[in-house]
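Each structure below is given as structure tokens.
Both of the next two complexes hold chain A, though its partner changes from chain B to chain C.
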Partner chain A sequence: MKCLVTGGNVKVLGKAVHSLSRIGDELYLEPLEDGLSLRTVNSSRSAYACFLFAPLFFQQYQAATPGQDLLRCKILMKSFLSVFRSLAMLEKTVEKCCISLNGRSSRLVVQLHCKFGVRKTHNLSFQDCESLQAVFDPASCPHMLRAPARVLGEAVLPFPPALAEVTLGIGRGRRVILRSYHEEEADSTAKAMVTEMCLGEEDFQQLQAQEGVAITFCLKEFRGLLSFAESANLNLSIHFDAPGRPAIFTIKDSLLDGHFVLATLSDTDSHSQDLGSPERHQPVPQLQAHSIPHPDDFANDDIDSYMIAMETTIGNEGSRVLPSISLSPGPQHPESPGLHSEEDEAEPSTVPGTPPPKKFRSLFFGSILAPVRSPQGPSPVLAEDSEGEG
Partner chain B sequence: MPLLTQQIQDEDDQYSLVASLDNVRNLSTILKAIHFREHATCFATKNGIKVTVENAKCVQANAFIQAGIFQEFKVQEESVTFRINLTVLLDCLSIFGSSPMPGTLTALRMCYQGYGYPLMLFLEEGGVVTVCKINTQEPEETLDFDFCSTNVINKIILQSEGLREAFSELDMTSEVLQITMSPDKPYFRLSTFGNAGSSHLDYPKDSDLMEAFHCNQTQVNRYKISLLKPSTKALVLSCKVSIRTDNRGFLSLQYMIRNEDGQICFVEYYCCPDEEVPESES
Partner chain C sequence: MRFRAKIVDGACLNHFTRISNMIAKLAKTCTLRISPDKLNFILCDKLANGGVSMWCELEQENFFNEFQMEGVSAENNEIYLELTSENLSRALKTAQNARALKIKLTNKHFPCLTVSVELLSMSSSSRIVTHDIPIKVIPRKLWKDLQEPVVPDPDVSIYLPVLKTMKSVVEKMKNISNHLVIEANLDGELNLKIETELVCVTTHFKDLGNPPLASESTHQDRNVEHMAEVHIDIRKLLQFLAGQQVNPTKALCMHRICRSGKKTLLFRVETNETSKRM
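Showing the complex of A and B:
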């Protein structure tokens, strides 16, 4: 793999790395035919982020050396971040950046060509390749809103930097409400102040969600994406479902797209109700389904199946050679017809017409998330067999 | 200031060192550039003051404040030597605040009576005078690096801005900083070998940052990064840096620092090389 980034795009790339670094400790770098993908997942697997830089983003892009397989690699986020540490420096002194991945030397080489002919070469060691892919489909989310990142960025500005989670909901009069979230058991001093920001419907380019819906997610990761999207002056779309189901944040322009998949808290009571919705006492049916406790919930919880469906393809030769073609080794489950399209996870936004219910399970937190269908027996496996995961 | 000068005029004769300065920052800034250890040794001759700080018997930093920097500078003996707590000295010098207020200067008068006596500092700002007495200590023998310009093999003068960022971003997980100087490619290279992999920083000899390039022979030497990192303090203050290595691989870094009045001072770092460089290096 070899690619060359020039001019202002070096900073864009740097910014993307900065925003990924808010999520995970490892960076998965995967050159694909349709661009260079940078991905990460956090340690609890409750947040996943992916940037795909189209070949046009680069001055020069070669996914694989002719005659060689596509290589992918996993490197420490810290070491990659150190290359792009100072964004001001990137903007001021770096003229071009050349990234190459060579199987023979087992080094990811990042070269920065700076002003005055100075050249910085970083030979970063990487770990064995494996592919990271979350299975998610924005089309399956019933709720969606889209606004310029700047609007959302300004809306989260007043929240204290230490605030962990924020609740996003639709309040009375279809206003979009962002409110600081505090755990029930948090001591009273922490709860002393609740910050709430209210945005009018007119600030949004698209608002497809009924009053009363609300989700709670981590602010830090959200801020990471926002700061990237703001600097690139992009619109941000938020796709979400019921509390407890992951929310998908997407940005897109002609040269790159970004997806952040963040877990949401499955807390369905207090927070979604306080948003001043007239329907506060009539929870949406979906929510009701979630809040009915199943006595055998926990027994049924195969955490793995609720985890982000991660394909770790070490030793899985089929997908290693051709990562974008889905193969299902392993026995087929009864629901396999539905699963087929899921496994075609190289294309996250699958055909819109596919049946939504089994489209993807939540990220993580299996134990607190009631299964959508309370499957009897073992839960369907949504990811290909994975080995050595974790 | 004149008031202060008059008061003390008569007592001058009893001091072996008297130095006064209209702007104390011209002294404190230079001292900060070598402040990586608590204690310093001061030598004063009629030419000025040299302040030396050492660490691990491997690195030595010298700050030269020539007599011309001071408005008044008198040394009664041939040379005056004492050791002092540099941290305390710097605290005293910035007793009126370390960040300059526009339009206000702190003036300094510094007196030392001789062996066994404290160093007296009279600091004056806006008519307020603070008197500090800092106990001096037995001077210690300082290292002689025997770094002689006739033995210098390679010498490069760089504009400091080109090195500043490199030093501030040094991969501190690497134990050593490897410096390559060569008449051929890569000319001048700084390398680190850290947990994440290796990094090389190359400066071509025709770069605009390069003020002078006199390399006669390829030399690859390694220096403990922990010993060199403190020189960043001098680097950030300086406008130019001269990098020299001698036939033993000893390193000399000379920093040219321009003070607030446009006068030039020099800070010099000497460092011993680390163990022999392995034959094959990435």
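Showing the complex of A and C:
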């Protein structure tokens, strides 16, 4: 494999790597016929990110030397990121970046050709690996919205950088609402401040979702894609389904496309026991826009009376959907160290319905064939880490 | 209990935000006292030694163009709330380019102060950011500890030099010692002194001016040049100076030794709209 990136695209590539570094610790690099794909997944398998750079993105792109199989490799994210660490430096001094992977050598070579004849060569060790393939299909998601990344960037501005999770939903009047999500603590003496941002439908280029739908996902991971999209001035689409089903965030332009797939919090059935919410049992958390613009929105400010529940809490962590991770075998690399093929049984530790320890659990490399009906249904195939390394 | 208020003026909003940032720098939690004419931020740190307390008063009509409150009862028409100061300053931070800011007392699952900001937006529809700041209502029996401190007649009272200058001097001194000696006299001279085994550094400020004294009689026989001194913890002083984001019209320092030998240092910062005492 050999590819050459020049000019401003070097910085774009660097930014993409920065984005991916927010998700996982290992970068899967796979040169395909349609372009170079960079993928990663986080340790709890609740977030997957992939950037595909089309051949036109490169001044020169050769997926594989003729006669040889396509190579795939897995590198430590930290190592690869260190090459692109300083985006300012990339912009100012780097003229060309050449990435090559030779089957015979055991090094991925990244060479930066800089100004004044300076050449920096990085030899990164890699591991052969299976192709990291998440199974997801944006078209199968009933709800979607699309907006310029700038709008979404402004929308997340009021939230503290440390906030882990956020709920996105459609409220009354087709307003799009983002609200900070905090897990309920049993002895909540120190309550956290709740922040909510409410945007009008007009800010979105496309909004295909009914009032009342909402999902909760990890904001920190989303920010990774958002910052890339903002710098590249692209539109960002969010495809989502019922809570518990993964949400797919995509960006696209003529030279690249990016997909981030994040797990979402699922509802428990104990949802109906809460706070006087209306009878219709929707399997989605309800977000009522109490911040609809009102000439004088001062009703209900008597502290002695309870207000109608503004939102239904998602209950305790409840169960997460535990879909499968499928690692498609792909052609075995002749020199691959003894990798065992992935197993076809579900991981015993990920029994659905068991309240997981607080975080999003293994997610959504979901089989799109899995029925959506019951988020707690038995997940199909859960493949464990089949690479065999520690 | 009810409270609702609205700010639409950009300058007022800005000023209110800076005050709240200042409070956030001084202490983690503070008390907000709401009364028909005023808003107070109160900090009460009752430590045995070197505790800091603060009292800040705002005339509500200088900030809010709508202000309505109903206290705990008719005889006690006030509301005392405790909140995390950083929450308020963070909520106000989003109001930098706001068309309007509304604050009201609500009860959404838990009592809170809801700050609702209507942002200017490019599109026709407005964007609204709402922050629900959790609060604790302070019961009436604790109100007596939160009253305006009585400012006793000082021995020496002096106008401070430009706070920024003072802050940079004190910041450098912090690297050398934990304790600072402040000396001032009625002749407009102020000294900041630190002493260690190896070195002694003093910064002298002259011609600062002294405010007119409340009661002339007690000071007539005092030697004008005699320095009154007090030892304080440098970090506490820095906390106060660092929080000063509002350019004051007056800043002064009062020093008092009372009969029991206890010394107190009082800083008073006034701007056109607020008055803050520490």
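Points worth noting:
Simple rule for what comes next: the second predicted complex is superposed on the first by the 260 of 390 C-alpha atoms of A that agree within 3 Å, B and C clash if a C-alpha of one lies under 4 Å from a C-alpha of the other, contacts with A are read in each partner's own complex, and residues count from 1 in each chain.
Just so it is clear, a contact is a pair of C-beta atoms (placed from the backbone, for glycine too) under 8 Å apart; a residue touches a chain by one contact, two chains touch by 3 or more.
Because the structure is predicted, anything quoted here is derived from the model rather than measured.
Taking chain A as the reference, the larger set of touched residues comes from C, when chain B and chain C are compared.
Looking at the shared chain after the overlay, A:120 reaches chain B, while chain C stays out of its contact range. Touch criterion not met for A:7: it reaches neither chain B nor chain C.
Legend: residue contacts after superposition of the two complexes on their common chain; A:201 is shown touching chain C, with no touch to chain B. In the superposed model, A:193 lies in contact with chain C only, and not with chain B.
Against chain A, the residues of chain C that register as touching in their complex are 1-4, 84, 87, 90-91, 94, 102, 104-112, 116, 118, 121, 123-134, 137.
Note for the complex: chain A touches chain B at residues 75-76, 78-79, 82, 85-86, 89, 93, 107-108, 116-125.
On chain B, the positions that touch chain A within their shared complex are 162, 165, 169, 171, 195-204, 206-209, 282.
By the touch criterion stated above, chain A contacts chain C in their complex at residues 154-155, 157-158, 160, 191-203, 275, 290-293, 297-298, 300-307, 309-310.
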